[in-house]
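Each in structure tokens, the structures are laid out below.
Both complexes below contain subunit A, partnered by subunit B and then by subunit C.
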Partner chain A sequence: MAYVVTDSCHGCRYTECVTVCPVECFHLDEQMTYIDPENCIDCGGCAPICPVGAIHPSWQMPAGKAEWVEINRLRAAETPVIAAKIPPLPGADEQARRLAS
Partner chain B sequence: MAREVVIGACPHDCPDTCSILTTVEDGKAIAVRGNPDHPFTKGRLCVKVNDYQNRVYSDQRVLYPMKRVGPKGSGQFARIGWDEALDTIAGRWKAIIAESGPRAILPYSYLGTQGIINGLNVGDPLFNKLGATVCERTFCDSGSCTAYMMTIGHTPGVDPESFVHSKYIILWACNTLSTNSHHWPFIEQAKRNGAKLVVIDPVRTRTARLADWHIPIRPGTDGALALAMMHIIIKEGLTDRDYIDRHTIGFDELAERCEAYTPEFASAETGIPVEDILKLAREYATTPPAVVRIGVAVERHAGGGQTVRAIACLPALIGAWTHVGGGLLQLPIWAFPVNWAGLMRPDLQSESMRVINSWKLGPALTGEMPLDPPIRALFVYNANPMAMVSQQQTIERGLAREDLFTVVSEHFLTDTARYADIVLPATTQLEQADIMFSWGHLYLSYNNPAIAPLGEAVPNTELFRRLAKAMDIDDPFFFRSDDTMIAESMDWSSPVLAGITLDELKQKGYMRLTMDAADSWAPHRDGNFPTASGKCEFKSSLAAGGNFVVPLFRQGYGGDQSGEPVDPLPHYLPPNESLRTAPALAERFPLSLISPKSHAFLNSNYGNLPAQVAQAGEQQAVLLHPEDAGPRGIVAGTPIRVFNERGAFEAFATLSADVMRGVVVAPAGFWQRSNQRGPTVHALTPTAFADLGHAPTFSDMLVDVAAA
Partner chain C sequence: MSAHPRIAVVGSGPAGFYAAEALLRSGMPVAVDLFERLPAPFGLVRFGVAPDHPKLKQVTTVFDRIAGLPGFRFVGGVEVGAEVSIAELSACYHAVILANGASLDRRMDIPGEDLAGSHQAGAFIGWYNGHPDAAHLSFDLSAERAVVIGHGNVALDVARILLKTPDELRHTDIAAHALEALAESRIREVQIVGRGGVERARFSPKELGEFGALADCTTGLDPDDLPEGVPEPAMDAGAEARANADILRGFAEAEGGTAKRRRCLIRFGLEPVRLAGEGRVDGLHLRRTGQDRTIALACGLVISSIGRRTAPMAGIPYDARAGVHANLGGRIVTDGVTVPGLYTCGWSKRGPHGTIGTNRACGVETAAAVLADLATLPVPIGNADALVAGLAERAGHSIDYAAWRRIEAAETARGQAAGKPREKFVTCAEMLAIASEAA
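Our next item is the complex of A and B:
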């Protein structure tokens, strides 16, 4: 059980999430972040702070997003930890507006 | 649309007491989140509380008074009005008092709500005034409190925020990431500053996985390790002689006592290699500032009290208290100037009250414990003993007694409430006001109500106002408003409240006690221990009075203490049930079972709610070492039966080498009438008290496991 980053992060990557995570369980590639389910303590601090609502608990995944549980597990194992916030990807604000509408 | 954000505080019996922001739209709470401004809880909640609004609006909520209309335990109830409920309760109580005396009434409660005015002591004045039996509530930390008081007194100890300055951190029987998670960032900062983190735990918990060094230890043997650490520190001259001379008493006797506790002795008891014990003692003594954070689990075995005695001696021995970030952290609650006497009102008691311990509920109800008069009325609030207390089958038989009049005030129809004659609806934290201490940080909190009470639910304060009126009490003390109760709950003249006003507290939601900042807080740099001698008492003067439970856990009552002789020096008491101490029993039941807190539940809170039950894996899981499972034909994910002479429960097997061989782990919290559908782990737990403070011993038991 863990929280899970879904494809809404893809192309945004605001990384607000890493500022609140107490256990450094966020990993990063060029497109988005991933949560390491081995380290996540289910505190949920990241979910409300994500500007695009990309993060959900694995036991309450929205319809059509279940595959991201396994994608987070796999990608977290292959990618480095991100411990501090970095600038969002270009076009993030447009994507956030698109997702909010 | 009216939208507002209300500042509150988490009501749960957890050290973190988080600051919570509740978003309210048109009178309905739509979301909760952590308050990012709180310096300790920093914008996060936890898996239990993240969707607290779903607890509030759960379709399982009890929202109206109800009376039983079916057999006891059937869960068949009919809605009634408050007037009928109160008339029924007062009528029965008055008749029972007239026939049998007030001692035939037993109140039963703990910290289902931890707020100061709605929590531990809210019912004490009424039951003290009636002269009912005193419920000695030693659920948690009572053994530690007695041991602490005997050794270093009721000190808040190290500020948890000072841990960033620590260089050697021992988390002893504490799974921080599951049960104290807001402390973790301070520990992690210390690690970034170069601290070494050691975790002592039979299980490689999620906390132990992130430690620099995890030391697995056999359950119930922690005292041997602490005493051997002292043996090594004294023998190798790693002590702080100046600190010992000025701020402790009994060093020579302690040194003599520790001679027998060699590393070899401790290794045989704990299962920890001798070289690791030597290394731990040497590193601890020579890496200042060194700090120990103990968890509640450390007291839950036969020698739990003396274990805490020994651990509480360690910091003074090496002068750890002279450093910011050095010493011991257990219960910062003692920093809060709570007006305990005003909350409990022991002055209303008669000279001789009858005391029954909360862990003895089963035999007290069935009559297996001889009582004159017997218990004829039970009043339960803030507690779910059917899910969480030993001798589950005995409690069930007791609650099923036709002649027992049981009232339960609750959020839900718990395993206990199902046996009630009258069920009363209690408000959740979003529906009530309260002021909160913390036993994990130094911030006083205020919980502003976010929404109006649902249905006819009432806060415990209002519940006891109504009961007092129904019982014809006319003392205005019993009819104080919540605002007055909050104002009178603290000693506002205390220096730690200097500059804190209730108005500002309500507005901000939390304020740090007026103490030295975490960067300079070293409460015992110059001794000043709140003990009789003012020193750290290696040899305890309080031992002369025998065993006792601190009056806070006894409605303020100081009489009728058990008073068994207590050795004034720390010593080792092995577990009651282990391969070494009970070999005949161990032939039949060769595995040690421990029942820690569940990651997703707060005791039995949330054991009925979908999000947390899903997080917990839907069903009770029991963790086994593969080498214990294999010979029993147990496969991961399959149903098993866990049993001993006292009882049995069913679970699903999880296999991992994260647990020591010979140990099984069954997190508590599932309900019998929720997903568990049968007895829980407390059907197996022992009834013996630990050595001090009547702590339970439910991490001190042998079981066996079989495929179901």
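Our next item is the complex of A and C:
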């Protein structure tokens, strides 16, 4: 069990999640963040703070998003840890509005 | 004497550790002394997080890593405000960060609140978590019904520990005295009572959901509270309120028809008016919000969990409304004017809200304020090393991080015998004895 970043993060990458993770389990590539399920302690702090609602618990994945559990596991192993907030990707605000509508 | 600026952090819960980390990882040449009243660090991770939530406690591996950063020193078993004053710290450190949490329970201020059998959540939680201040307490678990007042995650923790079977708790790090008492409990029903409706409850869905999977307890609602069923939260109520509504609806539909022996009722729209009883609680009177009629509920145990506030400290300005040290973004202020060299973070800065990780962002903010001010802060006249050495001499003990690790190893070894992750020492004397053994 762990929390899981889904494709809603793709192209936004606000990284608010990173600031409240107590165990630094977020990883990062050019497009989005990933959670390392080996380190996540299920505190649930990241899910409500994500501006686009991209993060879900693995035991409660929305329809069609189940594959992201495994993608997070694989990509977290291949990408560096991110410990502090960075600026969102260009176009993040437009994407957030699109996802909210 | 070290040429590096030294900063004292008071309180070794998550807020204290994350502030220390932010300072030590800033790239600035600073040293941090982390003061803790008890011989054991970690604050609410050790004494607040429920024993049946072991995964959250894994965050201590991060604290161990922070304790290993160059410039970090743990000063355990020293109570700031008693054994050493803030003024004495200020004389020896460039800055002092208060991260001493919210140790006081808010009172309901209703008649009967001080009857035997009426308790505050902090005491009960300290008791089952083996806090040295609470280990001697006892709770009467002989009546059939207990009432927990409050609609937050702490109320859920209290109710869940009362409702779990001994087998569900046996392999956690629950204090042995609590496991023993709970095994004899005759409580069959716990009502979790709050003033607001479903939307206003501050349960996190994950913790509410656990009530659907208790071994010997069903969870349901009282139709009197919600005659039309669980209402659909407004669209702007937030994802958590919507998830909670779904979970509660699930409880209401699934209840009944099982052989489970215990029951939890989550109740809404009820305000406590008074506790009844001669010498000890035998009932609780509640008023339906917005109505005059009161309801009497027979019960032998009442535990209130309606919020916490920071204990005021001598000489530190207090924000009575928020129940925290008066501060702006972590800088202690009096009448809007910054008090140089004094800071706060965690619950004593922003109140008792958020997850463990919220304290990380909070600690980063306070550390940034300290670092920004550092050049303008006066160089301390006293010597921190001499102060710490003097404190150890006066107290007759010195609890550094290595000493804590010896205590921890002994707890783990004790636990192994009982199939528990650790068997905590519940008195400071036991901890000090272990700490001094190989020192």
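One rule holds in what follows: the second predicted complex is superposed on the first by the 101 of 101 C-alpha atoms of A that agree within 3 Å, B and C clash if a C-alpha of one lies under 4 Å from a C-alpha of the other, contacts with A are read in each partner's own complex, and residues count from 1 in each chain.
One rule holds for everything that comes next: a residue touches a chain if its C-beta (ideal position, glycine included) is under 8 Å from a C-beta of that chain, and two chains touch if they have at least 3 such contacts.
None of these values were measured; they are calculated from a predicted model.
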*Clash or fit: subunit B and subunit C on subunit A?*
clash
*Once the structures are superposed on A, label A:Gly53 by its partner contacts, choosing first (subunit B), second (subunit C), both or neither.*
second
*Applying the touch criterion given at the start, work out whether A:Ile71 contacts subunit B, subunit C, both or neither, answering first, second, both or neither.*
neither
*Examine A:Leu89 and indicate which partner it touches, taking first as subunit B and second as subunit C; both and neither are also allowed.*
neither
*Given the touch rule stated above, what does A:Met61 touch, subunit B (first), subunit C (second), both, or neither?*
neither
*Superposition on A: which subunit B stretch among 256-264, 562-570, 580-588 or 598-606 collides with subunit C?*
598-606
_subunit C-contacting residues of subunit A that also contact subunit B_ = 20, 22-24, 41-45, 47-48, 57
*Name, in rising order, each residue of subunit A that touches subunit B in their complex.*
1, 20, 22-24, 38-39, 41-45, 47-49, 57, 59-60
*Parts of subunit A lying in touch with subunit C, wherever the complex brings them together*: 19-24, 41-48, 53, 57, 84
*subunit A contact footprint on subunit C (complex, rising order)*: 14, 18, 55-56, 58-59, 61-62, 204, 206, 238-240, 354-361, 364
*Touch list for subunit B against partner subunit A, complex*: 31, 33-34, 36, 42-47, 50, 177-178, 181-182, 184-185, 188, 206, 209-210, 599-600, 611, 614-615, 617
